[in-house]
Amino acid sequence: MFSITVRDHVMVAHSFRGEVFGPAQRLHGATFVVDARFTRPELDQDNVVVDIGLATRELGAVLAGLNYRNLDEVPEFAGINTTTEFLAKHIADCLVARVHEGALGEGARGLSGVEVSLQESHVAWASYERTL
Amino acid sequence: MFSITVRDHVMVAHSFRGEVFGPAQRLHGATFVVDARFTRPELDQDNVVVDIGLATRELGAVLAGLNYRNLDEVPEFAGINTTTEFLAKHIADCLVARVHEGALGEGARGLSGVEVSLQESHVAWASYERTL
Amino acid sequence: MFSITVRDHVMVAHSFRGEVFGPAQRLHGATFVVDARFTRPELDQDNVVVDIGLATRELGAVLAGLNYRNLDEVPEFAGINTTTEFLAKHIADCLVARVHEGALGEGARGLSGVEVSLQESHVAWASYERTL
Amino acid sequence: MFSITVRDHVMVAHSFRGEVFGPAQRLHGATFVVDARFTRPELDQDNVVVDIGLATRELGAVLAGLNYRNLDEVPEFAGINTTTEFLAKHIADCLVARVHEGALGEGARGLSGVEVSLQESHVAWASYERTL
Amino acid sequence: MFSITVRDHVMVAHSFRGEVFGPAQRLHGATFVVDARFTRPELDQDNVVVDIGLATRELGAVLAGLNYRNLDEVPEFAGINTTTEFLAKHIADCLVARVHEGALGEGARGLSGVEVSLQESHVAWASYERTL
Amino acid sequence: MFSITVRDHVMVAHSFRGEVFGPAQRLHGATFVVDARFTRPELDQDNVVVDIGLATRELGAVLAGLNYRNLDEVPEFAGINTTTEFLAKHIADCLVARVHEGALGEGARGLSGVEVSLQESHVAWASYERTL
């Protein structure tokens, strides 16, 4: 199995609901360093998993919808705890939608999986992995 | 599949038995930067894999039993080569026992797997992965 | 010249005023991975710059005043752009005050300088360096 | 499942054919930081996955065949786009051949898989994973 | 003293002349992860050293002149060993020229120094530091 | 001012004397990831600070005297707390002696300074900087 991974980041504010979150129930923020990993069993005719330039551009486009925002005020996330693991799934699902739309190129239709990891600090990160 | 990972470290002395270890047969030491990864297929009702605060606390508790020790003198490891890969399994097994005891919260009973990685230097690391 | 550095982090929300900040004028957030570096020309009688345990504890205490907060609502920062470089100075000044109070031990009075670096992402960081 | 990983690097020149590569069609170069991961279900009698010293030596031997070269002029790669993902497979296959030749020790015959990752920059990497 | 640092990278081919370089006399290549650090004694009225957005844009513009090139064929470098330390100086000098041209904003005229570091692998890097 | 830095590591056991060290008074161990930085005001005729190959070889030679040892039993360190900052100075002084012996090449006589940093974990490191 082959993979390529590209990295970018977002800087957001949010708060959590639920006693388990302790002080993180207050409005605070995070930088998420985001790694998007694309997998496929065989390379395409150019010998790539997916074009790294397109993968980087599309990850950037997905993150632009979140960047420099207070996620508590994003209608799509109303009433939702936007935890690191939840955001990993949100970003992975957005990337898969773009693959299906052809935004990562025709060859990207041969992708078998996507994994998104969000590093919230030097001591904690989360990921979500799914098939295409 | 979702995951969260938390990081901590231990500083131990030990020696190895067996010619394959060369100079590492002498008493020496290591800092192990330890990553504990918890996986589950679906998030709990708080939208988390497991509470990061509890995961960090329990990883710290497990590592406290090893930290600042000469592993050659720990009765539990008598006659055992405490290699990086062996210690990864030891820590993973301790974390799983704590999950079963409820130390990571009731929601943690939905965890499906644990992976522990130990980075022994900037050029070598080991891991052990198991189901719950 | 000797130094020791300890690392911790904070997760905050804030916004900036001024066109130069573009989208960062909106309420957003950041994880700052914080490195506090202590320097001195000669080691103390224990052969240390300052006790790493005390340095880590005091850095944590300083950061606790910022962590999981919306800096726009912290009275001390009213009307101030809490940029990464500004926060580096704030944290450095707080650490120096603690040194003068004796919180880092008597030996810490021999320190000559403090530098605080804040990594806001994998591609940007800031620092502030001062004498004691 | 257990694993150990060792890290080394190569510095090569190459060019790509195909419009998708844009400016990378020109002769350029890369440092690839190479991680070779070896997996097996159970440890051997020394409590290791494979001897880290041998794994490091053999990874270095495989990389020596590529290091400080213009891959466009290596006969083995004539007419081939030596992408990061292609090189990951090439290195993994070479390591597996060496395992079968016994170069990683008799115990290495118990290995079940090899994964090779090549980091081409701080924001992009590729990998290839296979069974033995 | 305050600083901010921004990171980007380039991928180039080149060769060296001189026996001291051993196999690096052959045409090979490198990824250089480039950190540009800007220093000044006091913050400007926006509380920044220099706008991080402008610093990132201008570093990218300077690197665009090198990226995906064979440096042996760049007329400006004819007959020159484009070592990591030489390139650090080249990039720093280009950044200083842009500061003087006003490309980093009027406030950037208060900068006192620039340091450029190039990481050529996980085990080697070089830097050049100068005043403005 | 120019610099180059090379990285290697050692794995040692040791213990400390003094109440300030708490549990580190017990025999324990550490991996030290060691960065040796060489500085000079101008490059030599090959356009380098010092040959990276020689610098790497000599750093390795200095570290070989410490690697896989219990520092409590090294006669040279009898009665000495081999703290991270102490070891940084020890390694820097050894490297300077080798420069004076010519082991880093004739050109290395133009070096102006050496700084050695030892990372003992992902959250703590120490350094020592001196002139030649």
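Order as written gives the chain letters A, B, C, D, E and F; numbering starts at 1 within each chain.
As a working rule, a residue touches a chain if its C-beta (ideal position, glycine included) is under 8 Å from a C-beta of that chain, and two chains touch if they have at least 3 such contacts.
This structure is a prediction, so every number in the text was calculated from the model and none was measured.
K.L.:
Can you check whether subunit B and subunit D touch via the same residue numbers (shared by over half) or via different ones?
P.N.:
Both copies touch with mostly different residues.
K.L.:
Could you work out which chain's C-alpha centre is the most distant one from the centre of subunit F?
P.N.:
Greatest centre separation from subunit F goes to chain A.
K.L.:
Find the pair in B-F, A-C or A-B that has over half of its contact pairs, by residue number, in common with C-E.
P.N.:
A-B
K.L.:
Report which interface contains more C-beta contacts, comparing E-F against B-F.
P.N.:
Looking at contacts between chains, B-F has the larger number.
K.L.:
What whole-Å value do you get for the distance between subunit D and subunit E if each is reduced to the mean of its CA atoms?
P.N.:
Centres of subunit D and subunit E (C-alpha means) sit 30 Å apart.
K.L.:
At what distance in angstrom does the C-alpha mean of subunit F lie from that of subunit A?
P.N.:
Using C-alpha averages as centres, the distance is 41 Å.
K.L.:
Out of subunit A, which residues touch more than one other chain, so two or more?
P.N.:
7, 122-123
K.L.:
Using the touch rule from the top, collect the residues of subunit D that touch subunit E in their complex.
P.N.:
7, 9, 11-14, 23-24, 26-33, 67-70, 120-123
K.L.:
Note which residues of subunit C are touching subunit E in the complex, please.
P.N.:
My answer: residues 16, 18, 20-22, 80-86, 88-89, 122-130.
K.L.:
Quick one: which bits of subunit D touch subunit B in the complex? Just the residue numbers, please.
P.N.:
1-8, 43, 46-49, 51-53, 56, 105
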